[in-house]
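Before anything else, here's the structure in question.
Here the chain labels run A, B and C in written order, and each chain numbers its own residues starting at 1.
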Amino acid sequence: MVREVAAALFVDPFAAMNAIGLVAFALVGATKAIREEFDLFGVTVVGLVTAFAGGATRDILVNRVPLALQSPVEIALGLAGVALAIGVSVAVDSADDHPITLLSDAVGLAAFATAGAIVATDVGVSGFGVVTIATINAVGGGAFADILLDRSPFILLEDFYASCAVLGGGTYWVVVLLGASGSVAAAICAAVTVGTRIAAVTYGWRLPTAQVLRTSA
Amino acid sequence: MVREVAAALFVDPFAAMNAIGLVAFALVGATKAIREEFDLFGVTVVGLVTAFAGGATRDILVNRVPLALQSPVEIALGLAGVALAIGVSVAVDSADDHPITLLSDAVGLAAFATAGAIVATDVGVSGFGVVTIATINAVGGGAFADILLDRSPFILLEDFYASCAVLGGGTYWVVVLLGASGSVAAAICAAVTVGTRIAAVTYGWRLPTAQVLRTSA
Amino acid sequence: MVREVAAALFVDPFAAMNAIGLVAFALVGATKAIREEFDLFGVTVVGLVTAFAGGATRDILVNRVPLALQSPVEIALGLAGVALAIGVSVAVDSADDHPITLLSDAVGLAAFATAGAIVATDVGVSGFGVVTIATINAVGGGAFADILLDRSPFILLEDFYASCAVLGGGTYWVVVLLGASGSVAAAICAAVTVGTRIAAVTYGWRLPTAQVLRTSA
């Protein structure tokens, strides 16, 4: 299966990254809604919003009709993620803190950062635009789900979450500038994003606050 | 008057549904803001946002400039709903729980689900796209108003609210697939949405939660 | 420097107003996030969102790719505002209530209301559309930042904040209707918005609530 995914990555990196991200983020979002005791309709909505909101925002920003409204395949992938979340929540306690969910989240973050960087590069925005669209594609779904659940978006509170997508998107842009093919840039972007995210969780990386600067001033 | 509305429905179902939805949702949104003791500017803004946010999101998704920015008639309808809300709030206690407001909400939900299904079908998105755009058109205004009022959107907590728009939008798509005209599909979609919503309120319909599945597993 | 700004205003009023607004609102947004003890990444994100969200919403509404994604100059201006906010917060206590921040906010509000009115007039929407886009451009960034910080948007609670942008946008539209050039209309719009805002803060202007109407009924 790893071999097939690797092959798909080279044939159509956007489709592969997008499919991985949709299943992973639908699982993560639906798991959060199950923890909040939403009904099955609410769980499905939060799962699909988490999966689709980042990509839909990306599509609106580059001025096209969101893919999710055009392709039934996209919906099937999102619903598969929701079904997986229900299965996991029936099987284990505290599914939203379980390593399966944390790993899905890191994988979805990397897949969507890469999908966003690919679309932005195709459209021809500036380097900052590539990083911004990669980051919005990666964190938009989670941020929107948190707004629906009436929490402050964790992406602003969690150290080194969105930062991983920024690093991944920036790497994609630099690697393409250096002349690499889109497939190579996609593989490196995904690796940087998922690698820095897993390292951040494992080693508890943090960024300084302005209060720290003031204390040292 | 019922006869004129029925005639308008057959001449231009979108315009009729859109007009009904604008007045009904501006009334509902302004009533909520009055309950929260917002000033008249805030009441007008929340009323207009409730009336326009769903349709504007629909227009952005199908990649066109929102109707509300182009037509003064749309604004007049929204302001009429806000004025009605102020009148109702002066006349009765707890206007936001009054049957007039609950009925306006069900009628607005049905009218906007139908308006969304018509636009989506004209644009030619997938069946899932028709249901999604109908639902976003129907519940987007209320969800956006709740975010402005800093509440978790009630559409996720209220059983069988958005579900009614999903059923209506799905019915529209099936009826058009079966070969009916847009006017017939619009009438059936509106009837299904408002009928299931009123039945849900009357009989207290609920959807199961994942916790129920887990308890039975 | 006042002379250069005045000259720039006549050469390209949109570019001048947009640049002033970006620096001012990035400063205001970043200062709020510093007060909330966000890390430097969070501070930068909230600053840039406050600077760019209003204009990006304006661009999405008039159906074009947001300027912020296309021009590196825009980002440099936003980052300059964030850097200023960090400097101010190191230098003074309670930077978010300091007169520098309150004045920046009034100036940014006026600059963005004017930028929005210029774009809307160029696109050719209705008079209501001009006022709406001016207001969204002016208050969108602050409202979006409040949603990220999980507060009810202060623009709905603060008397005479968004109202100033509504007055400025309306004035722009009337002045253009009367045959004035875009530069003259821009100068008057900016003066009306910043003047009414400073007067509202100084004299504590308030709008009546519906409860007042009811009491008098």
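What we mean here is this: contacts are C-beta pairs under 8 Å (C-beta built on N, C-alpha and C of every residue); 3 or more make two chains touch, one makes a residue touch a chain.
Labels paired with UniProt names: A, B, C = Glycine transporter domain-containing protein.
Here the structure is a predicted model, which means the values were calculated and not measured.
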- prompt: Taking touching chains as linked, do they make an open path (line), a single closed cycle (ring), a hub with spokes (star), an all-linked set (complete), or other?
  reply: complete
Field: Superposition rotation for subunit B onto subunit C, Cα-based, multiple of 5°
entry: 120
Statement: Distance between the CA centroids of subunit A and subunit C (whole Å) is 31
- line: Residues of subunit C that touch at least two other chains are 60, 63, 147, 150
Task: State the interface residues of subunit A toward subunit C in the complex, per the touch definition above.
output: 60-63, 120, 123, 125-129, 132-133, 143, 147, 150-153, 156-157, 159, 162-163, 206-211, 213-214, 217
Field: subunit A residues within the subunit B interface of the complex
entry: 34, 37-43, 45-46, 56, 60, 63-66, 68-72, 75, 86, 89-90, 147-150
